[in-house]
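What follows is chain A paired twice: with chain B in the first complex and chain C in the second.
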Partner chain A sequence: MESVQSKDASVVTILDPKFKYEVAREPGGENIKYCFQCGTCTSGCKVAELDRKYNPRKIIRMVILGMRERVLASDFIWLCATCYTCHERCPQDVRIPEVMNALKNIAVREGYIHPAFRAQAELIAGNGRLYEVDELANERRTDWGLREIPQGSPEVAEIFGMTGLADLLSGGAGGTS
Partner chain B sequence: MQQGIESSARIGVYVCHCGLNIAGVVDVEAVRESARSLEGVVVVRDNRYTCSEVGQKSIADDIRELMLNRVVIASCSPRLHEKTFRTLLEKSGLNPHLLEMANIREHCSWVHYDDPEAATEKAKHLVRSAVARARLLQPLSRAKGRVIPKVMVVGGGVAGISAALYLGGMGIKTYLVEREPSIGGHMAMLDKTFPTLDCSLCILSPKMVEVAECENIEILSLSEIEKVEGQVGDFRIQVRRKPRYVNEEKCVGCGDCAAKCPVKVEDEFNRNMGTRKAIYIPFPQAIPPAYVIDEKNCRYFTQGKCKVCEKVCERGAIEYDQTSYTETIEVGAIIVATGFQPYDARGLPQYGYGRFANVITSLDFERLICADGPTYGKLKRPGDGKVPKRVAFIQCVGSRNASSGDRGYESCPEMGPRAEAAEPKAYCSRVCCMITAKQAFMVLEKYPDAEVYVYYIDMRTAGKGFEEFYRRGRSEGIVFLRGKPGEIEETDDGCLRVVSEDMDSGCILDLTFDMVVLAQGLVPPHGLVELAQKMNLSRSEDGFLMEGHPKLRPAETGIDGIYLAGCVQFPKDIPDSVAQAGAAAAAAAVTCSKDTIEIDPLGPVIDAELCIGCKLCEMLCPYGAIRVELTDKGPKAKSIEVACKGCGVCGASCSTKAITMKHYTDSQLTAQAKAILEVV
Partner chain C sequence: MKMAVFLGCTVPVRNLSYELSAKRVAGELGLELVDIPEFSCCGYPVKSVHHETAYLLAARNLALAEEKGLDICTLCSACTSVLTEVARALDTDEALLDTVSKNLGMLGRRYSGKVKVKHFVRVLYEDIGLETIQSAVKRPLDMFSIASHYGCHYLKPSEIYDKFDHPEMPESLDKLVAATGARVVKYRTQKDCCGGAILGVNEETALSMARAKLDDISSSGADAINLICPFCSVMYGANQRKIGSSHGVKYNLPILYYPQILGLAMGISHEELGLMQNPIKPRALLAKIS
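And now, the complex of A and B:
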């Protein structure tokens, strides 16, 4: 079922043929099976230019092959900048950035959250924003005649609770490889 | 029982298994049983194959022994077997129009394969409604129509030329209609053909000359179809004849006129890369071999004075007073061979066609490398005339692209009504892989030290000698790169930067070329939508004309007497176009070989008592087949049977219900609809 590798890391002996259907059922992943591996996405990908680990064509190939574990536990699905260049050019309408969202959603449910995203989420949960407002900042604001910014945000925390994000963060969802 | 049998329906219902095609999904026994209790049904049977000898015999036996007077067959689409069963009824002594078919294969088992129960229920509904209509069916007599033993071929490319030659050779009078000044089509624009590298015009122009010399073929150049009336065996076609302003008979093609003509314009035959005069001949081998005046650019037509060509023409062939007129031509069959148009690569702006001078398309390349092209066969890049040393080809430009809707780009305003040519297409255009392989080869032939790269998704070389040609190309040094580039950037010196993922090496390639050739796909020709409407022809999802049957009637259409040849049906290469032209010519010749043709008795019956002469039907009829005429009882609608195609618009629109469609009467259709809606 799972994509288990033999001792030789490049030899894959077991594939999960259901994985592609699972991704296709996830919102955003609907068109993944249309991919015919032309490489247009990777050719124009700005992230791929900077970091060879990110190769949208390969990720889609791995999904279609059924390398479930390897895709979901990887950090490369988190690298998409959602610039939509590939989406515009893809001749098969695979909607790659949305496929990446679908993969990220599945990954999170499976307990894979990229450490960077976990850190961001925890910051927002705690502060209501991506950065911490400390005493000093508020003192400075007071000097400038601006009102103080409250530390923490119960409303945001509530949203985290309602959406289940709080559970995901506390549920011991591990980091990625 | 002998008398009055026609008035009370005795219906036989036959439910077909079609092997497992139907029975694999639909519960045929349940459908059979559901029909047993329907009013008028005398016998119900199921057959493994109703169309087989055994199946047909059981129907014939029942007609005789049980004195059936209506037959309902629940099987496949009437498109496949209606004729079979009508013939069976006729042989068994029943009027062929007393047959009704319920399509429980295409409409049930095939589309609802994943829901057998619902498919079975739907099949029961369809059978019930077919029985309801069958009760009300009336025998109809079929009229015999005349056959005019002549054919019109629309489109003078290699397909149309071939079809016309086959027909002319059989002694059949053939009109070859071409909207351009010369026949030849796209093949005349090609430099060489794959995989033999034959000079395209060297093999085409003998055929063009043969057309001109064939006494049975009449070429109507600069002509377009305006209106088509009638039916198989007896079409009346109005052809718009546009003026050439040069007498075809007198002109000998000496070219004195063009030499002296003061107006230079872009030459569309050379893909706007060279110039021609306002009086011109599209290419030296043109047929008819006569010059033509381009009235949009001619100084005499635009400014009212000049007439230089008239002065220099020793033969007195210039005729400024020619005008456009309509000619009506009667033929028994029509072959549509209007070809394709190349995909407009401006539709994919990431490749820069139209913005970057040195990005060209396959057809541009043909002109650039052709001895008769703008550079006289010396391959130079259009931007600065430099000889390209590094050339890239990109495959599948406008083909194999199923991306839907708006991709965020503004459509190009100057494309105007031709914007449809810039819509990418989902299908594979079939010829581009080989065109590219050929052109890459031709670059190396001209410049053996050039570097040639081909970016592809899949190489498709299915054809006689194609794979061998691909192999030869590789051995000549063409580098095939699997991986499609995302975009092209122009550098300061007019070169082109192409980034791609080379899947085979796993590298990102960032290469710069002197020239890039886009392998543009083949898309339906400009004006095909209108032509299809005039002839009542269906188009497939891809926009090309739909064939009669995808396997068995590839050169026919849904309309009897109208046939297809060449790319108008789907992109194909030259040998396939010629082969289909032969098939279409044979089919047209079969039609022309008959003395008379039986015409389906479809059309309106007008009740003069009820008709108030409101003219609504006349206004709505798409075929001009119903006209209101003054009679001694006032204005009354009158059907023109030969023009009628039985579409039913008049019957549906008649405000006083004076019009009844034969075989599709209101009572028949209402009974059918009610039976479907009935809750059992």
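And now, the complex of A and C:
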């Protein structure tokens, strides 16, 4: 950790210069250091157009500067709609949606998970899918001449246990700011 | 041609008419779609939370298809992207295949890395072909004007899709619509995302993204919006009334799934294609062909 003299509370005083290497080691984060801040990603981003909280160019700059806690505890990293428009256009092949995934993966291990994503993961762990296929849903499927879908999946629950995601979810990973 | 149909999470519960029409049309065109009830979530929703879990979920689904000796045909574009990404990674990265195989082994599954994944519409476009589709049309839909929404993961990231269509200037879906005889409507916001992936993170932003396109298509003169992804349907169909009422607008823009459009053109009844089960009932549209 490196400390920088600050004039007021809004100035970032604690930077982790190794953060960019940590992100680059994460699947999807490999190309982050190629970013030269051209802003092509943000200028074509439909989320950024509507919501000033999300600015992919700025998020990448924050990572490169080492603003580790500020980035990982934020809710803006969860705002990428994964439309891949920036991914197609980035002249430096930074693979921005994958960088956002890398940041979210690290955030989850650090105890930060957006409640919507926590809810989705828990549903999949429990049901094997995002929506429970209950008796009523299966009756409706049968009426339509479509095949019934089994409830739950022990193998999916086993996968969550095997990879450690079940522990991360039950370990009380908190929300985001 | 025989493929395993991958329904994903949303289609078999919330978009039954998409599943019904896709299976009906496939049958007519000689594409046999086989259900594998053990398929689970594709892995996409947990990719941003836990990469390894997403890859293992996808790999297990690929293994289930391989056990049956079948390639995968998907209906949801997000499922298409994660299953394609993982199938390609396992086909080219031996070290990754080794690691994944060890984990699959603990589940009593094995995977050799050879399953191919394609979106249903891409199968129609590349494997069935426009010519066969055109010759199957018995009732050209020249009374319809259709605005297609490609969505994101059907085309992007383009590096995993062998560049079968251009991510910035796509044409496959418009060509498939034209093959039914319908008029293709071009509109300014055609390439924009529906916003579905962030609906749970910031509903206002997500619905504003969907609204921009609903406004644009409504003023374009289209009779309906053509969709190929169940989550886009949640945004433009299931949420259409909510988006309209929060902005004092009354949209009446039916959403259709491409196999429903094709099915109508092939002379299949709208009941068999589930058209009146769509989130927005296409009454005015159906009156045009009756």
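The rule is short, and it goes like this: the second predicted complex is superposed on the first by the 148 of 177 C-alpha atoms of A that agree within 3 Å, B and C clash if a C-alpha of one lies under 4 Å from a C-alpha of the other, contacts with A are read in each partner's own complex, and residues count from 1 in each chain.
By definition in this document, a residue touches a chain if its C-beta (ideal position, glycine included) is under 8 Å from a C-beta of that chain, and two chains touch if they have at least 3 such contacts.
Computed from a predicted structure; not experimentally measured.
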Clash or fit: what happens to chain B and chain C when chain A is overlaid? fit
Is the number of chain A residues in contact higher for chain B or for chain C? C
A:N55 contacts which: chain B (first), chain C (second), both, neither? first
Touching A:H114 in the superposition: chain B (first), chain C (second), both, neither? second
Output check: A:T163 vs chain B and chain C. Expected answer is one of first, second, both, neither. What do you get? second
In the superposed arrangement, does A:F36 touch chain B (first), chain C (second), both or neither? first
Is A:T85 touching the first partner chain B, the second partner chain C, both, or neither of them? both
Draw lines from the C-alpha centre of chain A to the C-alpha centres of chain B and chain C: what angle do they form, to the nearest 10°? 80
Quick one: is A:I64 in contact with chain B, with chain C, with both, or with neither? Answer first, second, both or neither. neither
Distance in angstrom between the closest Cα atoms of chain C and chain B, superposition on A: 5
List the residues of chain A that touch chain B in one complex and chain C in the other. 85, 88
For the complex, which residues does chain A have touching chain C? 26-28, 46-47, 50-51, 75, 78-85, 87-88, 100-101, 104-105, 108, 113-114, 116-121, 124, 128-131, 133, 137, 140-141, 144-150, 153, 155-156, 158-160, 162-165, 168
Which part of chain A faces chain B closely enough to touch in the complex? 34, 36-45, 48-49, 52, 55, 57, 85-86, 88-93
In the complex, chain B residues that touch chain A: 350, 396, 400-404, 407-408, 424, 457-458, 482-487, 499-501, 503, 508
Across the complex, what residues on chain C touch chain A? 7-10, 12-14, 16, 19-20, 23, 35, 37-38, 40-41, 45-53, 56-57, 60, 103, 106-107, 109, 152-153, 156-158, 167-168, 191-193, 195-198, 200-202, 205-206, 208-209, 212, 274
